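In the part that follows, the structures are each spelled out as structure tokens.
In the two complexes that follow, chain A is the common piece, with chain B as its partner first and chain C second.
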Partner chain A sequence: MLWLQLTITGLQTGALYALTAVGFSLIFGTTRVFHFAHGAAFVLAAYVFYWADQAGLGIAVGVILAALAAMAFGVAMDRIVYAPIQRHEGSFFTVFVASFGVGIAVQNIVGMVFGRSFVTINTPLSNSVELMSGVYVAPLTWIAIFCVAVFFGALQLFLRRTHTGVALRALADSPELIRVFGLDPRRISAAAFALGSLLVVPGAVITALGSGLNPALGSHVMLISLAATIVGGIGSINGVLVAGFVLGLAENLSQIFVQSQWSEAVTFAILFLVILLKPAGLFGRIQAR
Partner chain B sequence: MEAYLLNLGVLIAIYAILAITLNFIMGYAGIFSLAHAVFFGIGAYVAAVVSMHVSASIFVTMPAAMLAAAVLSLALALPALRVRGEYFVAASLGLQMFAVTVFSEWKSFTGGLGGLVGIPAVKIFGQEVYRPASFFPIALAVLAAVVAITQILVRSSFGRSLTAIRDSESAAEGFGKNVPLIKTISVVISAALAATAGVLYAGYMSFINVESFTLDNSVLIMAMVIIGGTGTSWGPVVGAALLLLLPGLLSYLSFLPQADIGAIQQIIYGLGMAALMIFRPGGLVRRGSPQRKARPKAAPTRAKRGAVQ
Partner chain C sequence: MVKGKIWVAVAALGLVAGAAQAKDLEIGALFPMSGPNAVYGEVFRSGTDLAVAHINATHMLKEPLKILYEDSQALPQPAVVAMTKLVDVEQVPYVLTAFTGVSKAISTLAQRNQVIAVNGGGVGPDLAKLGPYFWNVIPLVNFEVHGMVPYLAEHGMKKVALIYVDDPLGQSILDELKATLPGVGGKLVAEMSVPSSAQNFAAVAAKVRASGANAVYIASYGAQQLQIAKQLRDNGVKAQFASYSGFSVPDALKLPEAQGLLYTTQAVNLKADDPVTKLFAEDYAKAYPGKTPSAYVVNYYNAVLLYAQLAQGVEKAGKPITGPNLLAERKAMKRFDLVGGTVSFAANGTLVAPMQISKIEGGKGVPLEVIKAE
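Let's turn to the complex of A and B:
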């Protein structure tokens, strides 16, 4: 029954990866900003939720505060850091280094405020229930998968049905044409950062309730987001969904063959091979020149 | 105090080698690698294992480490030939993360998370070099050799081919340059020279583990290059010295709470990096030749928003 257990754990990991990565994928796909500090938005949201829980404000207030913190951080990054760099045509790496720097600062600020050790919120949701003999599932697994369905569905509807959503997709295709249509690319970019940062909240809350938080979580979150985005194909929301599950399942099912310490290497081996063999990703358009 | 300065000097020399070799592919060939610490690590591990089991002579460890790094760097050259921009960065990142797992899990070779302890001192002509007073000149000599090699290469026709590829790959190809070969050679040279820093590091510290060869370190090296000035001769050295001196200087600020000094250093380092990219993205050292100055900042077009596709 090992493989079934690993499949279920893999589905939970995958759901979490998909939820984590979709925000970065949206931001990167539309604005082409390599928003490495996305992991910092995740950590901020998770710790604000944790703080609200410790302060006894309840889950709903915690989620709202976490959402506000993540969105404020994302929009501030766009305005204060990325906009000035792009104004003088900063190269991709200039943006990356600036973003990485902010990520380091946030990690250490969070560490100073909340301490550097692991914290977790105790909840019955993370207690495993025996589904059948030898196979354990925590209710959080179902919540994660449910969140994936809701958030990906809502995001697809938003991108197709609303004015802002269509504008976001247009920004990905051609920033020049956006201006021709009388829209302001900066405002659409801000919308991409607000929405993309908002999307860290479900993943951050589930992580806070489940495996727990530490301030250094951000860079892991970021690496997974990047891997899922590229494996899925830059700019493809369905791609990131599939890639999230592929990576989650691969990481867990690989434990049948190798020791669990190697499971993270599996993710990055997949990333490396996909870039070598099919750079456009599973669902991407041909973009790698 | 003198020991402290000498120690700092050795570390600056080691990191200057890393920054110079990264600048060689980043600034001149336009290959933005986030896996440079991997070759630092390969050099250090190979030198450590060779000196523990075969010979501690620098004339044995150095070639062995350089050879190993050169061969393994083909793993980085491969994606460099296939993809560019974000895709190559992601590939190098994948390689970096994979290598960290190998460094920390391949216990029989790397000693696992605990690392390798008791690496013998570097020997030159049978003479053991005790650290750090006598080690500093050796580190400087290796640094000088690396500077000389990269400067000669950059100023030769090979270097001009590299900059041609950086500025326009198709134009270079149109002029009959063998682009894949030139790119591969540049990656191999950069990795082999980076391994010399690893040899020095292993011999100097006499203890190594995966902590020194992680993604954070790759980014630190990259930050040294960018902060100093990408594509300049002395920028990487300035960047390396600055980033290594910063923590020491900050600990003199006595009004900072001592318990949080490490975190505060990191916050200043992070925010400083961001601020520098906003206000002085070209780095501290400007590019030398006049026609360079007239051009816009380093290769902006590739990563311009929406310009890929």
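Let's turn to the complex of A and C:
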């Protein structure tokens, strides 16, 4: 039954990876900003949720506050950090370094405010129940999978059925075209950051409830988001969703055959293979330059 | 007029030189002050700062003592950079270090520059083999495992699963368990190494359950060891948890999922009536009301106090306070009055101390058994 157990834990892990990575991919795919501070948005949302829990505000209020914090952070990054750099013809690398710096700063500020130690939230949602002999599932697993279905479905609807969604897709294809249609690329870019940052919230909340938090969590989140974005194909939301699950399942199922320490290496072996065999990613389009 | 100005300048220079000579005595400390292990840095510092306050208040040394703290992040690479600064720029004769990987990384710099490196937090057995300038004021993990394994066997827990971080500490605990378990009729039923960056242990929990172990030895540190304990319990692992002194930090003691965990540390009798222990216990209680000092606090207090006792001897002999002179003084003095009583060092520079098995109950470590020093 070990394989079934690892498949279930792989699905939960994959769900979290998919949600976080889809946010990063949406931002990167539409704005071409390598938003390294996406991991910081995750940490911020998780700690705001933790703070709300400690303050006795309840899960619902905690989720709303976490969502507001993540979205505000994303939009502030776009307006205060990236826009001035881009206005002065800042290169891709300059933007990346700025984002990296903010990520480190946020990690340290969170550490100063909440302490650098490991914090947890006591909840029955993280306690596993034995479904059948040797197979344990926590309620959070179902919540994670449900969140992926809801958020991904809502995102697809938003991107296809709303003006802002269509504009976001257009921004990814051609920022110039956006201007021709009289739209403001900066406002659409801010929408991409708000939406992409909002997508970290379920993963952040589930992590806070399940495995606990420390301020250094963001770098791992960022690493996985980047891997899933490349494996899935830059700009392909469907691809990143699939890649998130592939990486989560591979990380867990690989432990049947290899030591746990190699599970992260499996993630990057997949990344390496995809880069070699399908450089545009599983669902990516090869673009002529 | 010109002559007068020259005399004023000379006098000013004399004052500056005098001020330079009155510089504090400085020692270095490589503690994690950021990253997931920063919590240890705070614990270590509570011991060192208290020792400095006592040493300066009692004028043990001719000049005030000051500690130059550097952030090691508990990682070898930043630690080597910081050690280079302490040795080459600050030219300190004595550096406090922690964590096995960090300590091994900086030990070559200590040997090459004849600077004393004193470890009070890392417990990898290799730390006993790093040369004459590397000392340990903490018994190493081989002694901890030697204490824990017979205890587990005596209480019917002979099937042990090990989750260990993939670094020198984890490897050494794996080696020790493999060597000691067969001797008490026990068996290592599963060994799972995890990278130090790993945060998700649901799959590890599944493997522990599948192994049928009745005790799980957790060999990690910092935030990760707490995540392991929490996620194992959340994922249905009911076996007894056991670990080493890494679990003696406040965060671990208050974690609900760690309640009942057994861990080893060196035995420190904080109720001893010698003046050093009494002063430490009283002032720690004043500074941190309601808290019991962990073994790490005691170790780093002792490491600073050890420096002061050695430097005092070196000063009395009219010699400069250098690494070689401190080493010679340690060999000459042999026994030291530190917190917990009079202690001595083995020939390899490691403190000889009895071990203690404690159980986490009600948010604190409850001592169960004391094991004599090997």
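The definition used in the following text is that the second predicted complex is superposed on the first by the 286 of 289 C-alpha atoms of A that agree within 3 Å, B and C clash if a C-alpha of one lies under 4 Å from a C-alpha of the other, contacts with A are read in each partner's own complex, and residues count from 1 in each chain.
The rule we apply is simple: a residue touches a chain if its C-beta (ideal position, glycine included) is under 8 Å from a C-beta of that chain, and two chains touch if they have at least 3 such contacts.
Remember, predicted model here, so these are calculated numbers, not experimental data.
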| item | value |
| --- | --- |
| Fit or clash - chain C, chain B, common chain A | clash |
| Partner chain in contact with A:S128 - chain B first, chain C second, else both or neither | second |
| Contacts of A:F146 with chain B and chain C, given as first, second, both or neither | neither |
| Touched partner set for A:F100, first chain B, second chain C, both or neither | first |
| Touching partner for A:S260 - first (chain B), second (chain C), both, neither | second |
| Touched chain A residues, chain B compared with chain C | B |
| First, second, both or neither for A:A216, with chain B first and chain C second | second |
| Touched partner set for A:L2, first chain B, second chain C, both or neither | second |
| Touched partner set for A:G111, first chain B, second chain C, both or neither | both |
| Partner chain(s) touched by A:P175 [first = chain B, second = chain C, both, neither] | first |
| Chain B and chain C footprints on chain A, overlapping residues | 108, 111, 259, 261, 264 |
| Residue ranges of chain C touching chain A (in the complex, touch as defined) | 34-36, 38-39, 42, 163, 166, 192-195, 197-207, 209-210, 222-223, 226-227, 230-231, 234-236, 251, 255-256 |
| Residue ranges of chain A in contact with chain B within the complex | 28, 31-34, 81, 84-86, 88-109, 111-112, 171-176, 219, 223, 226-227, 230, 234, 259, 261-262, 264-265, 267-269, 271-272, 275-276, 279, 285, 287-289 |
| Residues on chain A engaged by chain C in the complex (per definition of touch) | 1-2, 5-6, 9-10, 12-13, 108, 111, 115-118, 120, 122, 126-128, 130, 134, 136, 138, 210-212, 214-217, 220, 251-252, 255, 259-261, 263-264 |
| For the chain B and chain A complex, residues of the former touching the latter | 32, 78-79, 82-91, 93-95, 97-98, 101-102, 104-105, 215, 219, 222-223, 226, 230, 260, 263-264, 266-267, 269-274, 277-278, 281, 296-300, 302-309 |
